[in-house]
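In the two complexes that follow, subunit A is the common piece, with subunit B as its partner first and subunit C second.
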Partner chain A sequence: MIQLIIKRLAIAIPTLIIIIAFVFGLMRVAPGGPFTNERALPPEIEQKINEAYDLDKPLIQQFGIYLSKIAKGDLGPSYKYKDFTVNELILSGFPISLTLGISAIIISLLLGSLLGIIAAIKRNTIFDYAVMGISLIGICVPSFVLAPILSLFFGLYLGFLPISGWNGGNIYNLILPVVSLSLPQIAIISRMMRSSTIETLNSNFIRTARAKGIPKRRIITKHVIRSSILPIIDYLAPATAGLMTGSIIIEQIFGLPGIGRYFVVGALQRDYTLVSGVMILYASLLMFLILLSDILRAILDPRVKIK
Partner chain B sequence: MNIKHYSKDDLDNILSVKGNSLYSDAFKRLLKNKASLTSLIILSLITLLSVFGPYFLQYDFYETDWNSIYLPPSIESGHYFGTDGNGRDLFVRILYGGRLSLSIGIIATLVSVIIGVTYGTIAGYFGGKLDTVMMRIVEILYAMPYLIFVIILMVVFGRNIYLLFLAIGAVEWLTMARIVRGQTISIKEKEFIEASKSLGQSSFLIIIKHIIPNLAGTIIVYITLMVPSVIILESFLSFLGLGVQEPLTSWGVLISEGSREMETAWWLLIFPGLFMVLTLASLNFIGDGLRDALDPKEY
Partner chain C sequence: MQTILNVNDLSVNFDTSQGLIKAVDNISFSIKKGECLGIAGESGSGKTQTFFSITGILSDNGTATGIADFNDVDLLKLTEKELSKIRGKKIGFIFQDPMTSLTPHMNIGNQLIEVSMIHKKNTKNDALKKAKEVLDIVKLPRIENLLKKYPHELSGGMRQRVMIGISLMCDPLFIIADEPTTALDVTTQKEILKIFNDLKKYKDITIALISHDIGVISEVSDTILIMNEGRIIEKGNCKEVLTSPKHEYTKHLLSCVPEWMK
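Showing the complex of A and B:
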């Protein structure tokens, strides 16, 4: 197990550095810096600013400084929000995005796999068709169409739920964003789960279990799920990536001050450090999730040799 | 000895009978699938309307009319889907948006197919260490929030529509590469590839002449499934204000405008959304239908 973790870390850390280098390089290649204004600053002041932010040094050196700061957990000052560091901005947005993301991922995993399993067991019944129909809607209606329609209907016409704002994490404010964020994932996961459960149900070891006379319920909870959940575990990291990009839009639509919004604002305003900071946060989260899903897989699937 | 003599007419008759190719068979099966057939009709209608529709409508997509702001949909006024905050006819804007969304869908998909097929066949055909490394790269990229890369690209290099094609194509090829690689591995073990190798054919020509034609079915299926995801991606970017710019429009732009004004004018959100959802659903159904049609074993 420890070897597996070390092996994965050996891949994850260079990947992270490459991503950081990529983002760093792109932002430097970009025409126009954060201090390029229509009215040019006096050259002395510009030089002072560049010195203060290390922008006068060679690129390689800048990258080195940046990397060593990241290693210490310092993402640097924001270039546009003058009184804030990137750490402060991310810390202020992260709890919101995290709440949103974790609720969405838990709901989509639980609901998606549950629906998929039931649809597979009750194959070709009305329930199966209903689940597959709903999941088709989830796949075809993008979240940025779904979210405004949901808030139009539940928020404005029925007046049940608030349509925007965070309101200190009030549960009613969370419902609409979480639903519109998780529906596409529920759709994908339930389809995956359905087809992998069908495959498992048809496999030999399940027939053996049935022949031994194990009750159906026990076969499903003990044997089927353990094997059919594997594709979902592999899908954990891509699903999270999907939720991250989804949350950028959802935070925009519902006016939530999460990190997705900082990312878009930062990108539009060429706030180098903010964009790279958010990017690094996303990438490290994903690397962590890939590691987690590898470990889970090794635990659940005895065929995976832990090398 | 009983030798049957064929007249010239008989021979002509025999020769004129054409065998059914795999693809014509598949096409027939596709047309028998009701969901796919309906989707095919809807998709053709939307495409034809988007391409030719604007020539027959009395309004232009950039024409503003201050006397008809936020008109609800009605047949009498000629604004079948209503007008927006600048008095522009929504129907014609949706059609223009459709042109752009569909062409981005097709072009970006082609870009990603070219990259994905090249990458996948090389990794699959040559195998070994090369394959391991290439697929490891795909695996890592697969887990990246690639849309974020597209956003950064669009910000860095300006909002250029051609770059948009390229950027989307450049991130969408991963799935294609994976599938093509898997198929290539199973095809390269077949006897005809061995025969070709023993005749001294070069690897490059084997890939071009024997492997890619045998992948065609799979590639077609994934093209129909990839176009919708590209359309969503473009709309996503346009929604954030990073995609297509005014006065040009796409479904994503219209939906994003619509969602801002839905409280006063619901039609600005519902109609573009409807067009987009119909297109996406049709493409998905056609893709599913094609997959079944090209794989007769399933029946």
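Showing the complex of A and C:
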């Protein structure tokens, strides 16, 4: 296990460097710079600013300076949010995005798996058709369409729930954004879980369990689920990626001060350090989740040897 | 001798997209206590589905009609819940494919002990004791070690022995062995058949041995059924049927057996 973690860390560092280089390159390729304005600055001042931020140096040198700072844990100053470092911005927004993401992932996994299992057990019944029908809609309707509809209905017509703001992490403020983020994932996960559970139910070892006279409930809990959950474990990292991109939009819609808006604002305004800072965070998070799903898989499936 | 299983007018149908498939067509037979019945016939002749229907483990699209009296209880009339109290307790089932018939994520010990813990309400310790006993009967070495292993760490022959062990956990009256040796090499096959012969001799267990291999059947069985296309073609004493077959199909089946086996 420790070996696996060390190995992954060793792979993670070059991967991160490549991602940083890619973002770094992309941002420079985009026209304009962080200090380009509609009203051009006097050339002398622009020159001074560029010097102060090392933007006058050759690209490769800029990249070197940037990397060495990151290695020390310093993501640099923001070019657009004056007086803030990228570290400060991320630190202020990340807890909010993380709360949103973790709640959405846990709800999607639990509810998606549960619905999928029940649909598989009761396949070709009304319940199954209902779950599969609704989930089909859930897959087709992205969260940025779902979110305004939900706010309109629950927030404005019924007046149950606040439609925007963080409010110190109040649970009521969380409900609509988390639901809009989770519903598409619940739809995907419940469909995956249904088909993998049906496949497991039809496998030979379940026939053996039935021939052993094991009660139905125990067959499901002890023999079926640990096998049929495996595709969901593998889906953990892609699901997280989906939630990340989803949350960028959802945070905008619900006016949540997470890191999503820094990503958008940073990209639009060529705030180089802010964008790559957020990217590094996202990439590390994703790699952590891939590691987590590999560890979970190894725990659940004895056939997997941890390498 | 007392009859343990009496099957009358048993039919099995499958509802498929191509219409109704008749897998077993109105068959009747019986097995006496302590007897070993061999069931032979080519692939698709309905051997497996006959016994799946009796024990209530048909696929969802299958239905069985007729009577299957096991110790004077008609199994076909029981509910799933009542049947599950007989399966694994009074009737043991051994499947054709040992490689896929054990739960991959459960260790051998747990797969064994859950049977007697459920049916006999055994404590874990008692169940473990029984597990070691049955693994000894099926001649598996280093039992302590084996209990902690997972199916993928075992060879096909070892897994089939574990399957037989599982079927013995509650001292069943009747064991159904569906092609128990088909997936195994000849040496392992011989050893497994020896286990069946011992079970018959020392434990007085009734056995239904399904195989398309007449050689395998003739080593263990007292009586034999020849099936084809869901019907019973011929039945009777194993030696008699094999030495002087009455039906053309049986003769044809026998002609496929190499000379040295007879």
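The rule is simple: the second predicted complex is superposed on the first by the 299 of 307 C-alpha atoms of A that agree within 3 Å, B and C clash if a C-alpha of one lies under 4 Å from a C-alpha of the other, contacts with A are read in each partner's own complex, and residues count from 1 in each chain.
As a convention for this text, a contact is a pair of C-beta atoms (placed from the backbone, for glycine too) under 8 Å apart; a residue touches a chain by one contact, two chains touch by 3 or more.
Note that this is a predicted model, so its numbers are computed, not measured.
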- Does the superposition put A:P231 against subunit B (first), subunit C (second), both, or neither? neither
- Check the residue A:I290 against both partner chains and state whether it touches subunit B (first), subunit C (second), both, or neither. first
- Task: Specify the partner with more touching residues on subunit A, choosing between subunit B and subunit C.
- Result: B
- First, second, both or neither for A:P257, with subunit B first and subunit C second: neither
- Message: If we overlay the two complexes on their shared chain A, which of subunit B and subunit C does A:I214 touch? Say first, second, both or neither.
- Response: second
- Looking at the overlay, what does A:T245 touch: subunit B (first), subunit C (second), both, or neither? first
- Query: Does the superposition put A:F205 against subunit B (first), subunit C (second), both, or neither?
  - Reply: second
- Item | Which of subunit B and subunit C A:R270 touches, first, second, both or neither | first
- Indicate the residue numbers of subunit A shared between its subunit B interface and its subunit C interface, in ascending order. none
- Where on subunit C is subunit A touching in the complex? 55, 57, 80-81, 83-89, 93, 95, 97, 100-107, 114-115, 118-119, 150, 152, 163, 166
- Note on the structure: Seen from subunit A, its contact residues with subunit B in the complex are 11, 15, 19, 23, 26-27, 29-31, 136, 139-142, 144-145, 147-149, 152, 156, 237-238, 241, 244-245, 248-249, 252-253, 263-264, 267-268, 270, 275, 279, 282-283, 286, 289-290
- Task: Going by the contact rule at the top, pick out the subunit A residues touching subunit C in the complex.
- Result: 203-205, 207-216, 218, 222-223, 226-227, 300-303
- Query: Contact residues on subunit B for subunit A in the complex?
  - Reply: 136, 140, 142-148, 151-153, 155-158, 228, 232, 235-236, 239-242, 252, 255-256, 258-259, 262-263, 266, 269-270, 273, 276-277, 280-281, 284
